[in-house]
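Can you keep this structure in mind? I'll have questions shortly.
First chain written, first letter: the chains are A, B, C, D, E and F, and each begins at residue 1.
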Amino acid sequence: MKLSARNMLQGTVSDVRKDGVAAQVQIDIGGGNVITSTITADSANRLGLENGKAVTVVVKASDVILAVDD
Amino acid sequence: MKLSARNMLQGTVSDVRKDGVAAQVQIDIGGGNVITSTITADSANRLGLENGKAVTVVVKASDVILAVDD
Amino acid sequence: MKLSARNMLQGTVSDVRKDGVAAQVQIDIGGGNVITSTITADSANRLGLENGKAVTVVVKASDVILAVDD
Amino acid sequence: MKLSARNMLQGTVSDVRKDGVAAQVQIDIGGGNVITSTITADSANRLGLENGKAVTVVVKASDVILAVDD
Amino acid sequence: MKLSARNMLQGTVSDVRKDGVAAQVQIDIGGGNVITSTITADSANRLGLENGKAVTVVVKASDVILAVDD
Amino acid sequence: MKLSARNMLQGTVSDVRKDGVAAQVQIDIGGGNVITSTITADSANRLGLENGKAVTVVVKASDVILAVDD
């Protein structure tokens, strides 16, 4: 499957926390960077997310904000 | 300024393309990864985005989708 | 590849329009419903989107707004 | 009221689950397709969402990702 | 129609700019604040957006980022 | 820090509610308008959000939907 979403980064799950509806997942993408994703707890279960699992971080280009120093 | 957005990656602008309303900006974040952002052309001008400029990529956790291999 | 995004609908491309940065793609998902997606023109080219091509519409649950009649 | 959001699908609520902040709502849009939406629990209450209620699914075109088979 | 989206601000269109796919619309919401929205040019036409027209700005709570001074 | 996000409104936190993963924050922006933001509970803690704290509401232009009366 190919996605229109432009941004895909390889990483490894380093933390999963769930409550009734939501899950917060942390993904180590290397270089000292950790990405945080909030998805549904159902999706975290369906994808079998747990520490050490390889995942791809996907972000649509229109959801990327840029910042520069003043 | 501190942001609630969880994900911030340092990079360098490697390409800017603009049309009447939109701009597509590519940011080299190292490790062979390039992030693409679509913002308004006005914002690209206001931030002075051009090749080589240091920028921070900002993504809200709720905009991060995860994918796993089957 | 399995995605955390909850919503996936099968359809067929019925229109593609591009300008310098953006593309607007219409997808017939049957039952008289047409979905409109805006992606980058680059992605439309990379995915080979053209009339008649089978595509999957993907939407993250947090991007779905609900409306009810008053 | 007319919305700039391009995508509107008619459906019926088939499940509502709430925790302290969030609600996960499932909407049967026919043709064997179920849409999942995450909104605030407050909004689920304010709209009176419960099984069997008619709702409209609203998605902005810029939040629609497309996928094609390899 | 009632929307699950939590944020609705009344305003007046103060500028509309369109290209092939996208439109950038500015909305004066009073108090010296102007909101910028990017929608499709088709939607801008369908809603009859032009200077002076009354509009409601709608934003889903999950799309609101917060910032605080250091 | 300057952001590509076009919309920034000054306000004051008027309510914070948290559960395991998510936080719902209400911000009084004056003129009788209250903005609701859902962010992670971690971010609400990291930013020290509590009633009376000054915050800036940030919204990317592509996340702004417009509505007009019929």
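What to note about this one:
The criterion applied here is as follows: a contact is a pair of C-beta atoms (placed from the backbone, for glycine too) under 8 Å apart; a residue touches a chain by one contact, two chains touch by 3 or more.
The structure displayed is predicted, hence computed values, not measured ones.
Listed options A-B, D-E or D-F contain a single repeat of the E-F interface, assigned here to A-B, on the basis that more than half of the contact pairs agree by residue number. Two chain pairs, A-B and B-F, are compared here, and A-B has more C-beta pairs in contact (counted per touch definition above). Annotation: 22 Å between the Cα-based centres of chain A and chain C.
Centres computed as Cα averages put chain C at a distance of 29 Å from chain F.
Taking the mean of the C-alpha atoms as each chain's centre, chain A and chain F sit 22 Å apart.
Each of residues 1-6, 19-22, 24, 36-40, 42-43, 47, 56, 58, 60-63, 65-69 in chain F touches at least two other chains. If you check the complex, the residues on chain B that touch chain A are 5-9, 24-25, 27, 30-31, 33, 35-39, 43, 47-49, 53-69.
Those residues of chain C that touch chain A in the complex are listed here as 1-6, 37-40, 42-44, 46-47, 56, 58, 60-62. By the touch rule above, chain B contacts chain C in their complex via residues 17-24, 36, 38, 62-63, 65-70.
Only residues 1-5, 19-22, 40, 42, 60, 62 of chain B touch chain E when the two sit together in their complex.
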